[in-house]
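What follows is one structure encoded as structure tokens, with my remarks underneath.
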Amino acid sequence: MTDDSRPILGIGMVGYAFMGTAHSHGWRNARSFFDLPLAPRLAVLGGRQVERAHAVAERFGWEQVETDWRALINRDDIGLVDVCTPGDSHPEIAIAALEAGKHVLCEKPLANSVAEAEAMVEAAQAARDRGVRSMVGFTYRRVPAVKLAQTLVAQGRIGEIRHVRAQYLQDWLVDPQVPMSWRLEKDRAGSGSLGDIGAHIVDLTQFITGEQISGVSAMMETFGRQRPQPEPAAGTGSKLGGHVGDAESAELGEVTVDDAAVFLGRFTGGALATFEATRYATGRKNAIRIEINGSAGALAFDFEDMNVLHFYDADEESSSAGFRRILVTEPEHPYLEAWWPPGHLLGYEHGFTHQAVDLLTAIAEDRDPEPSFEDGLRVQKVLAAVERSATKDSAWTTV
Amino acid sequence: MTDDSRPILGIGMVGYAFMGTAHSHGWRNARSFFDLPLAPRLAVLGGRQVERAHAVAERFGWEQVETDWRALINRDDIGLVDVCTPGDSHPEIAIAALEAGKHVLCEKPLANSVAEAEAMVEAAQAARDRGVRSMVGFTYRRVPAVKLAQTLVAQGRIGEIRHVRAQYLQDWLVDPQVPMSWRLEKDRAGSGSLGDIGAHIVDLTQFITGEQISGVSAMMETFGRQRPQPEPAAGTGSKLGGHVGDAESAELGEVTVDDAAVFLGRFTGGALATFEATRYATGRKNAIRIEINGSAGALAFDFEDMNVLHFYDADEESSSAGFRRILVTEPEHPYLEAWWPPGHLLGYEHGFTHQAVDLLTAIAEDRDPEPSFEDGLRVQKVLAAVERSATKDSAWTTV
Amino acid sequence: MTDDSRPILGIGMVGYAFMGTAHSHGWRNARSFFDLPLAPRLAVLGGRQVERAHAVAERFGWEQVETDWRALINRDDIGLVDVCTPGDSHPEIAIAALEAGKHVLCEKPLANSVAEAEAMVEAAQAARDRGVRSMVGFTYRRVPAVKLAQTLVAQGRIGEIRHVRAQYLQDWLVDPQVPMSWRLEKDRAGSGSLGDIGAHIVDLTQFITGEQISGVSAMMETFGRQRPQPEPAAGTGSKLGGHVGDAESAELGEVTVDDAAVFLGRFTGGALATFEATRYATGRKNAIRIEINGSAGALAFDFEDMNVLHFYDADEESSSAGFRRILVTEPEHPYLEAWWPPGHLLGYEHGFTHQAVDLLTAIAEDRDPEPSFEDGLRVQKVLAAVERSATKDSAWTTV
Amino acid sequence: MTDDSRPILGIGMVGYAFMGTAHSHGWRNARSFFDLPLAPRLAVLGGRQVERAHAVAERFGWEQVETDWRALINRDDIGLVDVCTPGDSHPEIAIAALEAGKHVLCEKPLANSVAEAEAMVEAAQAARDRGVRSMVGFTYRRVPAVKLAQTLVAQGRIGEIRHVRAQYLQDWLVDPQVPMSWRLEKDRAGSGSLGDIGAHIVDLTQFITGEQISGVSAMMETFGRQRPQPEPAAGTGSKLGGHVGDAESAELGEVTVDDAAVFLGRFTGGALATFEATRYATGRKNAIRIEINGSAGALAFDFEDMNVLHFYDADEESSSAGFRRILVTEPEHPYLEAWWPPGHLLGYEHGFTHQAVDLLTAIAEDRDPEPSFEDGLRVQKVLAAVERSATKDSAWTTV
């Protein structure tokens, strides 16, 4: 029906829960709202439970379903593999896909250990030489206000950075009746708050500042060590505390990951930083809060008001200086040209659309997308340093 | 590929500009995120400019294109006609569609005059007897925070309403170089700020309070009476000040609508109200601000922070009473069960998805959806009273 | 004990309730925190109830007490009379004081009627020729953020003003058990919300914009027409709903003033305005909210966050434009040089200190202070126009 | 002139700069606005520079001046000594005063070292046995919103505390031209941000939670190691960066204290905490920000909006739960009965009035006021642990 002559890239996505839903939406919307050099085709959805996979495929327009991810990555009609499974399976799938010559988008965290992440980076580097691209899914970089923050820093409007404070605050574990899930098991998730949400603020602050975290001093805590096993349930899986288990009992399960992690950090440019990642911050639902103070200005962001960036310009006359509440919905703002008129807000899932757009554009332009697997490894190394420091009485630990 | 056994409803949408884009997205997403009793099929997109229509169809998955809306409404595979054209063509298309036995979703304002709106209501009433449904597109009712506000009022948590203050503030006309568009021509748009955005706050306050505006005292103003004619341009048309004209000159055009309207109002329950709709509110991009004070509590909403509802419960002890900042992203909140975990915000376009869901559900359940054409007519009558009062030295004018 | 060689001005204050307390504090603090050209001496406190007067005098350091205001204004050691009584006695006391050659500070509203206010202006003009100064107590002009707002407008940073929206919202009458007081009696108070708090937003918007309100269209309402008579009580009288009556019964009294007034207005420069003054705005305690939108910028102020002024500069690049939250505590800000370091907030009563400073400075410099009685009369005329319009079906009424 | 029969307590205050001004105001206002069991008399102001002392005495009504603090504390008409000098002289003056049988109010930090603070505690304990009272001046405890926070925790409305995050952010050192002052010299000030402002958040979080900090892991930094020497200057000394030096050169001085300190902490109840004290937080003027998350609720406070406490009650139904913005100006709120009607804000200096009221009341009622010197010592020990940890690669350090 259309005369679309752009090249087409077949997408194969593995996983269909929370992230699978968000990614499906992103792939589809990228094509609807942006002028893309490469048209994504929602070709194959990979999932072990065939009925649930079909249900998600039907809802989002995936053309086919594969229950074996190996079959998926080897299909000729697949040019890109999107890995949306829990972290423990990332290395195997991503490496296999890269070796099969497929571009890879891998959800964060890249892996559950530094060693695994290093193997993935190696695979990515090898693939890169063959023109095969890879990216890790730190989608919050694609929130327009976050990208604007990064741009202002890069333009020098914040100056030399002295302070970073970053928190990722949720409260879904405050209720002791919230059941066990794979996110609370070390074997599956690698870590708890630290890897799930702490990873985001590590990546975001490194992204925005353009600097690296060179060392940390940390504490970790598990407030609730036992939780009821969940009821089995179905659904589109777009919730965090979802009922994904198989057990039907009211037995208790052991929480083997951290509920909260706090750490101090030093950035390569000398800035002092405080970090906090927790699922026990009563009243805070998904508060990714980042503040940066520099010699020339300051920034503040809170994902619970995600269309806004607060910016203080120290060059303004002090009589009229103040944090500006920038409503990041102008056509001049990152990604906004494609969306609605000013003042018409974007939501959580838009980041996934922007991720798809950026990745497809990089592939079409034959260059490496960001964040790279190396970026993902760097985050992993910070998380590992946090864990080491927490077990050594908070001793300073170089990343 | 799917075993979906739900009935299917073929959608035919007329218009493909700003509203057409938003509606397309809404129809598609309704199916992806909600469990619908009736599956919408994006069957036909109607638009006079065939190339632009095809481009939009391609992007959103409309199966076919028709350049003649009459052909569209008479197709057998169309069960619902979605009217997204400028207001001057609403009556003709909507009435024809209803007479053709198609359900109708008609963008707001229902029409450019009370007489036209009355004719549409008549058609809707006749159709209703035949099981044909109609709805007017006041989508802001579907913002979860707005629906929550309505719910709290209906539950009596605000008590007897004494004050309503409502503003719809934009600033896209402050720049005198913003070009002419159909939105600035009385023939096309009916009115300016009043009909375009004032209509929303009239509807929203009537919806939330469950009361009607019984009379008004008004002033209207056009600050910028001449504007340059626009350059011709293409695009997906998701912008307000879009380049939709045909003229190529730098000539000036006459603005024949109001830039701003302010009015006092009385609600049927006795509350005093102030209203303001303007495109000259420098710094405000799409600030739909509604505050309600009642004998038992109060509410405040601002679309520029659309996922939040502020609620004051006068029953709380005064020592710990205060406006609660409700982040309307809990599964218990309207429409939220289908979306992301708490704290993951929704955006502007979600209202269109919710609109599609509500309409499809009403059709499947064989009942009348809301807001009805009668609701649209009621808004129209308020707008007409505002215009009359403004021309009579603000004299009190009964609706 | 001191070598202070500045001239001294003996202050005689009539009234010792809410306003008397605030003024006492202001006179005293002016001397403590500011370098004044003229030293105020808290010489005589005038009050009919001698014991209460003595108690207040003792607390604030008034040297003597007079129960007869006529005796007070005729004392040789009094150079300035500060009128803090209810509005019905303003004209008699202020005119007598001016005729006795005393400078006069008169609380707002200047009088309860335009005719009285005109007589006062006449007296002020006659006195002015003899070097006798007069000022009306619109202290909110002295909130630093308000003065900063006025300065920004005067500097042209807001440009041509298009919109003014002003609200003075309180909720102390929402509770039907709040007793009668002189503020609810037309004979004593002149009017209700309109004169008590509406007067402030009329004055403030005229002050900030530098323009006059030329006409209005208005509605007024009394939601609670009967209230219990109060218990007799003592105290320093710093509360609004204070127990100032003499009746001991549980009888009901008739509220003879408005609880709320809303009106549209036009400013001399063409701006459209909405005004609302109410004591029924549940949840709002003393919310003086003023917003101004102009061709070059915008301002927003809320007294419930009184140390902050929000300023939008339309000249900023749109990618980094936003309302600045100016914390008005820098030494460069109005009145702040005399106070604490940045970030150390001021409170409600500081306005009274600033008022004393400004008045004493004007007297010492032999020039007329502002706001003048003429300014007070102008406010009175707007209030009178509001009342006339409200009784004539909101018909447009020229001020 | 008055029949005041209350006992009188003669106050002797040593020091007249920033804190001296604030305390003078506090003593005076306590008497004006509160019903005190004991009337404070501003008897003697002690200061080495006799002219500046006389100027301050004249402004605030101190009856006499002494240039020798020893003479001051031995006067018979002095019952209470208020120590407002820099920290290095606190121990000597406070101990001597206690030994002379005078009640003592000592500004924070109690001393510049733990050893000194311990000596002071010893003196306080000895004095206590003789009915002589002592208090350390952590005035921020007397901000009504802070006291309300403490009350809510004590009532169990926050539950078991899991997270504390506390920041004291200023930016007055960001400008490299800000001159040297005693606050930047280790000999005079003991420490920099840590002791000056970090002390406050240590005390406040311990006060609000009712728990102690048991250990810390810390980093400290001096961003600007050299600063110009100040010009000599006079003034009332109410500013932080005041010109208090004697040098007239443009020479550079060495900054020997920390500009910023960040640390992790553990509370005795198990909560994880992050702390940050800095004078380099561009855009933040005096942002004391404290957040507490517990099993039953949460609190948030920012001194830059000091009349507000945010409170989240986890017992509310999730559909209408949210952080309540409590405007702490109701008569039911701590200290508010004495002040203005609801919505009329208090400022920075009100804390000093409340401090005077609480101290005078405790003395009159013959009980120990809070915070005690023991409380001051406890803060000192935390600060010492922070300094130790910072020099030991952030190793965990027990308090």
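Letters are used for the chains, namely A, B, C and D, taken in the order the chains are written, and counting of residues starts over at 1 for each.
We adopt the following convention: a residue touches a chain if its C-beta (ideal position, glycine included) is under 8 Å from a C-beta of that chain, and two chains touch if they have at least 3 such contacts.
Which chain is which protein? Per UniProt: A, B, C, D = Gfo/Idh/MocA family oxidoreductase.
As the structure is a prediction and not an experimental result, all values here were calculated from the model.
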Does C-D or A-C have more contacting C-beta pairs?
-> C-D
Of all other chains, the one whose Cα centre sits farthest from chain C | A
Just how far, in Å, is the C-alpha centre of chain C from the one of chain B?
-> 43
Just give me the whole-number Å value for how far the CA centre of chain C lies from that of chain D.
-> 34
Just curious, how far off is chain C from chain A if you go by their C-alpha centres, in Å?
-> 54
Multi-chain touching residues of chain A, meaning two or more other chains, are 284, 321-323, 327, 330
Contact set on chain A toward chain D in their complex = 162-163, 165, 167, 169, 171, 174, 217-219, 221, 223, 260, 262-264, 266, 270, 272-274, 276, 278, 280-284, 293-298, 312, 314, 321-323, 393-396
Residue positions on chain C within touch of chain A in the complex are 148, 152, 157, 309-311, 313, 316-327, 330, 332-333
Complex interface listing, chain A residues touching chain B | 1-4, 18, 22, 24-25, 28-29, 31-33, 54, 57-61, 63-64, 170, 172, 236, 238-241, 284-287, 303-307, 327, 329-331, 338-350
